[in-house]
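Pasting the structures in now, so scroll down.
Both complexes shown next keep chain A, but they swap its partner, so chain B is in the first and chain C is in the second.
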Partner chain A sequence: MSMIQVDGLKKSFGSEDALRGITFNVERGEIFGLLGPSGSGKTTTIKIMTGEFKPSGGDVHVNSYSYKQFSKNDYVSSLGILSDKSSLYDRLTVKDNLELFRKLYNAPKGSVEKVLRDVGLESEIDKTVSKLSKGMKQRILLCKAVIHRPAILFLDEPTSALDPTTTEKIHDMLEELRNDGTTILLTTHNMDEATRLCDNVAFLYQGVIQDSGAPVDLRHKYKRDEVHITYTDGTVKTVERTAKNKQLLDNVLFNSEVADVRTDFPTLGEVFKKVTGKELV
Partner chain B sequence: MNMTRMMAIFEKDLKEFMKNMMLFTSVLIPVLMAVFFSRVGVGAGAEGEMPPEILGILAGVVFSAVIFSSVMTMIAEENEKDTLRGLLQSPATIIDIILGKSMVVTLMTIISLVASIMIIGPENYWTLENIISLVLTGLFFLNMGIGLGLVVKSVATTSVYIIPIMFIFGFTPYIEMLITDPDSIAIKIAEYFPIYQHMFVLEGNGGAMEFIILAAWVAVSFLLVLWAFNKRKNDE
Partner chain C sequence: MNIYKIRATIYRDLREFLTNYAVLILLIMPPAMAGLYGMTPRLEGTEIPDIMIFVVLGTALSAMATNIPLMLYAEENEHGTLKLVTHTKSDLMNGLIGRSILTLIVTAVVTVVSLIIIDGLYIVSFQIMIGYTAAAVIFLNLGLWTGLLAKLQSTSTVYGAMILFFLGMTPIVETLNLPAGNIIIAIAGLTPVYQMMAIHNNAGIMPCVILTIWLIATVFLVYIAVLKRTKTL
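Then we have the complex of A and B:
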């Protein structure tokens, strides 16, 4: 059985349909990305899985629990949650903040020190949170989400507005968690993040999954067999990659007038635009 | 309800309380008032005994400034900074969270009240009847703070509630300074307010009726808490 099974999930707010029957599965130890612009239904999907919202239709199973059991303590204890709205107690130290959640989740003593070592922030343990940088706070929030070693981690825009160095550190930590068997569902606008981290992604737009699959498979699916040749004088020539043009393309490599050769293998962002007609912003 | 989680929240909130100047100074206000009253001998009778009105106002200040405004501010701050969501996403229930916070403000209220009363040093203050009336009055203010705290979304908004509640329920006996006619309907209504019941008990004039009225105020304030819980649930 998949770790997350979503079947025809619907959610309406009054007359507005936020989700119109989405279906996807996430396997144990997989990083799954829900990609879509703001208002596409990503956060609503996560909020249903964390028990904050009740679905209007369809079915959801997470870690063998039906959505009707999402308020159960065992279920809540198996989750880790980090959203762009997650925050810490600014007046308290890093240790005070993490100790609170260690006790709430009944995690073993020493978990605080261990998780801080994992993110390289053990030297900040006695610092007041208000004195930390934004990137450090985000890493502490991730520590808070994983202090009890959850089976499933929900991440809603985990690296939005963070600098590349912090983003890199968070990505490394997420890869380690996946290697340890944690199932991760993340939402993001960042296509590089999705391409690097996700085993599978789903394009969510206007409450509907427009397409899904492994990032590399989606890029292959939507690629065009074209080669763009840029010459030193600035002219660009697009040639179809067919047997008929083999001689021309072979010669390109030896042509000193050629400045750049690029195949039409789209990025995930370009695939999203092809599928939905919208930029992923 | 889980004792370990409740104690974890109590510990966290106690540390936050001590580091929050706004909350911490609220504990000192009644103590400073007690020092002021005892030094200038405000309203002291012939034998130097402090009249029940002053003791009633002091209790009103403790309850409105410490228990009511502190618990409301603590919940409002959690709402504003979205830390309440983090707690609610954990195995802690809203009951664990509210009880943890209530324990902190109750502890601070007891410290503030005992210190203030010790400074004034009235005789026969800690009678069983008076302690029961203090507990019921404190419960009323605690419920009001929890109920309104669940409704307000930011610390700035709390002042909209703190000032009127403080004047209406905390400083009720001051109405006698504004309205001198003892037969005024406003005075008659005010005499049904919680602090007056506490004062009647303190004067030794309290009977079952005062406790029934206090219990009714606690029941009404508890309904406010239930309404706020439901409102919050529906809003989400």
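Then we have the complex of A and C:
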């Protein structure tokens, strides 16, 4: 059985349909990305899985629990959650904040120091949270989400508005968690992040999954067999990769008037645009 | 009941007490008031008037048992940190129990310190201790009720101030020299602190009955607040 099974999931808020019947599975130890622009239903999906919202239709199973059991303590204790509403006790130190969560989840002693080492913040342990930078706070929130080694981690835009260095550190940590067997579902509209981290992704747009699969497979699926040749005078020529154009393509590398050659291997963002007709903003 | 979560709540609240200046001021208020009252001139060999002692007791109860949980919950509601540690109804109850235990212990300690400062330990008897315990739970429940429902810290201070003045310091109405039968005296006579005074003056069973009614009513208010708060988790 998959770690997360979503089957025909629907969610309506009054007359507005946020989710219109989405279906996907996430296997154990996988990083799965839900990609889509703001308002596509990503956060709603996570909130249903964390028990904050109840679905209007369809079915959800997470770690063998049905959505009707999502309010149970042992279900909640098996999750790690990092959402846009996550916050810390500003007046307390990093140690006090993490020690609180260690005690809440009855995690072993030493867990606080270990997670701080994992994110490279062990030197900040006695600092008051209010004095930390945004990037540091985000890393501490991630520590809080994983301190009890949850089976599943839900991350809602985990690196939104963070600097590249902090983003890199968070990515490293997520990869380590995945290698340790943690199942991770994250939402993002950062295609580079999804390409780097995710084993599988689903494009969510207007409450519907438009397409899903491994990032590299999706890029292959939507590529055209074309070559874009940019000449030194700035002109760009697009040539189909066929037998008819073989000689032209063979000579490209020796043509001094050619500045750049690129195959049509789209980025995930370009795939998203091809699938939905919209830019990912 | 999850002992780890209760212990975690006590740990967090202890840290908050030490870093939250508003809470620290509340802790100092009753002993400071006791110190001030203790300095009032009186004849040698006489004791401090009972009213002053009960004003200090009422202040201790309303300042700490009510205002500490009120302020802490209001701040957590406003900043979203309550949702951080509370995902289910049982999480909310465990947090409530942990916070209540610590608040009652701190209230009791500060009350004893205040009584020592004001030379008021002579009023302590078994009946007063029962009455005090009931009153402490009543004031705690008022703090939990208003705190759980408060959305902003600023509005919570208004509720806390009202409880402090109208329920905590009610014996002060005795100093207004109002005629017997006055409605203000009649209403004040139904408040928890007045029941403690009545118990001290051996007024029979009625103060216990009134305290019991207060207890039931405030427990019900907390129950309603928990139900309402659970819906927004």
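Quick note on the criterion: the second predicted complex is superposed on the first by the 281 of 281 C-alpha atoms of A that agree within 3 Å, B and C clash if a C-alpha of one lies under 4 Å from a C-alpha of the other, contacts with A are read in each partner's own complex, and residues count from 1 in each chain.
Just so we're on the same page, a contact is a pair of C-beta atoms (placed from the backbone, for glycine too) under 8 Å apart; a residue touches a chain by one contact, two chains touch by 3 or more.
Since this is a predicted model, take the numbers as computed values, not measurements.
**Student:** What does the overlay on chain A give for chain B and chain C, a clash or a fit?
**Tutor:** Because the two structures are overlaid on the shared chain, the partners are seen to clash.
**Student:** If you stack the two complexes on chain A, which partner ends up touching A:Leu104: first (chain B), second (chain C), both, or neither?
**Tutor:** In the superposition, A:Leu104 contacts both chain B and chain C.
**Student:** Using the superposition on chain A described above, determine whether A:Asp96 touches chain B (first), chain C (second), both, or neither.
**Tutor:** A:Asp96 contacts both chain B and chain C.
**Student:** After lining up the shared chain so the two structures overlap, which partner does A:Ser86 touch, if you call chain B first and chain C second: first, second, both or neither?
**Tutor:** both
**Student:** Taking the superposition on A as described, I'd like to know which of chain B and chain C A:Lys244 touches: first, second, both or neither.
**Tutor:** A:Lys244 sits against neither chain B nor chain C.
**Student:** Pick out the shared contact residues on chain A: the ones touching chain B in one complex and chain C in the other.
**Tutor:** In chain A, positions 50, 52, 73, 76, 85-92, 96, 99-101, 103-106 sit in both the chain B and chain C interfaces.
**Student:** Where on chain A does chain B make contact in their complex?
**Tutor:** Residue list for chain A touching chain B: 50, 52, 73, 76-77, 79, 81, 85-92, 96, 99-101, 103-106, 144.
**Student:** Would you tell me which residues of chain A are touching chain C in their complex?
**Tutor:** Chain A residues touching chain C: 50-52, 71-73, 76, 85-92, 96, 99-101, 103-106.
**Student:** If we count contacts the way the header does, which residues on chain B are in touch with chain A in the complex?
**Tutor:** 4-5, 7-9, 11-12, 15-16, 19-20, 81-83, 85-87, 89-92, 236
**Student:** Taking the complex as given, what residues does chain C use to touch chain A?
**Tutor:** 2, 4-5, 7-8, 11-12, 15-16, 19-20, 79-81, 83-85, 87-91, 233
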